[in-house]
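What follows is a set of notes on a single structure, which appears directly below.
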Amino acid sequence: MSNEAPAFTPEVDATIAAVRAEVAALHGELVRNGLVVWTGGNVSGRVRVGDDPGADLFVIKPSGVSYDDLTPENMILCDLEGNAIPGTPGSERSPSSDTAAHAYVYRHMPDVGGVVHTHSTFAVAWAARGEEIPCVITAMADEFGGPIPIGPFAIIGDDSIGRGIVQTLTGHRSRAVLMQNHGPFTIGVNTKDAVKAAVMVEDVARTVHYAREAGPMIPIPQDAIDSLYNRYQNVYGQSEDTRR
Amino acid sequence: MSNEAPAFTPEVDATIAAVRAEVAALHGELVRNGLVVWTGGNVSGRVRVGDDPGADLFVIKPSGVSYDDLTPENMILCDLEGNAIPGTPGSERSPSSDTAAHAYVYRHMPDVGGVVHTHSTFAVAWAARGEEIPCVITAMADEFGGPIPIGPFAIIGDDSIGRGIVQTLTGHRSRAVLMQNHGPFTIGVNTKDAVKAAVMVEDVARTVHYAREAGPMIPIPQDAIDSLYNRYQNVYGQSEDTRR
Amino acid sequence: MSNEAPAFTPEVDATIAAVRAEVAALHGELVRNGLVVWTGGNVSGRVRVGDDPGADLFVIKPSGVSYDDLTPENMILCDLEGNAIPGTPGSERSPSSDTAAHAYVYRHMPDVGGVVHTHSTFAVAWAARGEEIPCVITAMADEFGGPIPIGPFAIIGDDSIGRGIVQTLTGHRSRAVLMQNHGPFTIGVNTKDAVKAAVMVEDVARTVHYAREAGPMIPIPQDAIDSLYNRYQNVYGQSEDTRR
Amino acid sequence: MSNEAPAFTPEVDATIAAVRAEVAALHGELVRNGLVVWTGGNVSGRVRVGDDPGADLFVIKPSGVSYDDLTPENMILCDLEGNAIPGTPGSERSPSSDTAAHAYVYRHMPDVGGVVHTHSTFAVAWAARGEEIPCVITAMADEFGGPIPIGPFAIIGDDSIGRGIVQTLTGHRSRAVLMQNHGPFTIGVNTKDAVKAAVMVEDVARTVHYAREAGPMIPIPQDAIDSLYNRYQNVYGQSEDTRR
């Protein structure tokens, strides 16, 4: 494999630079929201290079590097098989050990623009019991449109994590899946949207944990869940910043 | 509707500027006290424009904007129907998605000077069970004069949230209501007072959650609750900073 | 009562200045350790003025003032009845609403150099059940020499809180008492020592809460508690910084 | 005993300086990760001085000093009996009250390059019950290769803590032991590795606490634990930063 950086169009170069900056910066939100410790957790963002989503790239953080040391330059540009693109900044390092799972999602879900993985406390607690989070608070209906599903137990090192994410989230309203015994993966139309989902899934995992601990919860009727979800997806936020 | 800003008296202009600054700044207390994540939560403040409280205005945050980016200038000035006043700073953006509920409270409770809404963890946990918080700690007797009540389940998008808040809090000592399956709304004589109530309701929701989890709690006799509440409302704090 | 500041010796003036500075600064430790919200909580320090401890003074924070705004100058100098000394800096404001309890402790426990009160979450949770914290962790044996006791239910506004603190802690190893339905008061040989006790009592209240929630705890034999307590009181820390 | 600093080779002097700086800085990670309060907790690092590990030294923090005041210069250089080396910077102060336990570990485990002790909340909660943390989350399999074991109850002041640590961790995959009724001690190939273990043991102690509180957890099959552990020890991180 050549060690020379490939020649992209100026437009793609600009997109790569923007995604590197965004992915590096958004890792800070994982720290700020208490979702990660030490070097755990990872954020990635898709780079759209043309009409064929199969030719897209993505940017992800290096493995085992402190959150304080993440910069646009040491983010790693990968192809959709999860291989670092030789000759590009950061490519001398190993990408996140979860890179294969991110790559699988980008290959099989062309609308996904961002992927996030953490071991946030309460989301992992539900995952350790293999129990979906029931939709008993309106913020969860707004954001996820129903319960947060559990994905299969999968060992790192082959495609099984990526496959479990894609199988669970395809056709599901939720942008978050709790991989059994492991933790949450979230997807979004862009990186920021996936990070928001990672923040919100821990928030609802924590709140519903405490709610249920103290007695029976009141279910939200399905038609109210549907109505909350539809309104939030279409109305919330500023027009320049809508999620979908 | 004209797009020109209305002409207020210099006194009202000064009040608007002061409320914009206060509302923008007090959003920072929600973050600092861990009551909100991402762009959730909202604070508003009444602008008194004359002798008729029905002609008052209020200032509220824009929808879906990061807490880091809130400034006096992007706060939105609304009439008591919840419509942004055209031509005023910030009016090109959508106000908070909870604006209708704030407006309803200002219309129906003329003494209310500030309204706050959050999805703070423990308050929402009680709300998901539809269970009022019993008054078993003296700080709660001081601040709320008894239990924190539950409001009805209400869907966003019409007046039902505002109506539920007003029906529950009218004639009640508590300045906080936990809307079922949703979360806390608090009111105050001014914005700071409503923010204080939002901070305190989460504090007591958390403390009483942990207290009850571990065994039976000791009730406080009603006459002691009354005595604590009356003293605190009349004596506490500096004379220039009393709440009522 | 004259409004002129009394004339102290230069030595007493220097002590007052030092205690004002220390008390103001140590309030910051309550915030940093998450023991207080809004304007709750208070720290005081004794000013020794001569051979008669009954003639001592103490310094305490003003009532209802934000932690951000506390300075040595707005701390309030009080006599042992809890009255602000007229003409001294800060005396135009009301002292903390818990001043009477601090004063009672200084009057009746001449060795006490500092008093702290908070509504820290887990300590209040034990207090709401009226349940002492059992000594099942070595850090608690080190610091408190046994369980943290419960004090009586007492209404603010007369001497009953101060009396409850003094009756409970006199002759007790613990420097912390959990006043029933109210919260922790801690004492120390100086202000810093009392603040340390406030930090440690919340730490052990939280840890033992979680420990017990999940199953039976292993008791520490009384002779081991004694041995840990005696060693820690005599050996720990630097000679210039020992507590006793 | 002479009060003159011993003459080391320039290489050893450089190593001492590097370990002092690293040990001082890494104490900050205990604070940042919420593992310690007040002056509790301690970090040490081995100084390799030649071919005989029995002649090594180690650097540890002084006893009872605020985390804000720790610097490379006030770290204390000790021999493997835990005695401060006279004449070296910091040697006029008492080393951490846990120094004997650190020394025992360095004497009996020549591969250990760093030791950390904290009273972090959830790890101590498991220790108060004398209950090992079961391996039900993949992050725990990665990092510790199985459950976190409990060490014996041991009183400070003789070799019993050190002996308990060494007996429990020798031949064990886990780099963390929960000393009964006391708290976690962690070891590592270097100081940073031991600090990482202290951060991770609290993270898994907390997550598994919450997981189990809410219902039965799903075990991870032993062969999956083995596979996760082996992969993580050999693959994770950058080649210049691997742990083993």
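Should a chain be cited, it is by its letter among A, B, C and D, assigned in written order, with residues numbered from 1 in that chain.
Everything below uses one rule, namely that a residue touches a chain if its C-beta (ideal position, glycine included) is under 8 Å from a C-beta of that chain, and two chains touch if they have at least 3 such contacts.
None of the values given here were measured: they were computed from a predicted structure.
Q: Fewest touch steps from chain A to chain C?
A: 2
Q: So which chains count as neighbours of both chain B and chain C?
A: Where chain B and chain C might share a partner, there is none at all.
Q: What is the Cα-based rotation angle between copies chain A and chain B, on a 0 to 180° scale and rounded to a multiple of 5?
A: 90
Q: Give a one-word verdict, same or different, on whether chain A and chain D use largely identical residue numbers at their interface, taking over half shared as same.
A: different
Q: What whole-number Å value describes the gap between the mean CA coordinates of chain C and chain D?
A: Their C-alpha centroids are separated by 33 Å.
Q: With centres defined as the mean C-alpha position, give me the chain B-chain D separation in Å.
A: Taking the mean C-alpha position of each chain, the two centres sit 47 Å apart.
Q: Which chain B residues sit where two or more other chains touch them?
A: 213, in rising order.
Q: If you go through all the chains, which pairs of them touch?
A: Touch list across chains, by label: A-B, A-D, B-C, C-D.
Q: Which residues, counting only chain C, touch chain D once they are in their complex?
A: On the chain C side, the touching residues are 33, 136-139, 196, 199-200, 203, 206-208, 210-211, 213-218, 220, 224, 227-228, 231-232, 235-239, 241.
Q: In the complex of these two chains, what residues of chain C are touching chain B?
A: By the definition above, chain C touches chain B via 37-40, 62-65, 93-94, 97, 119, 121-122, 124-131, 153, 155-157, 180-183, 209, 212-213.
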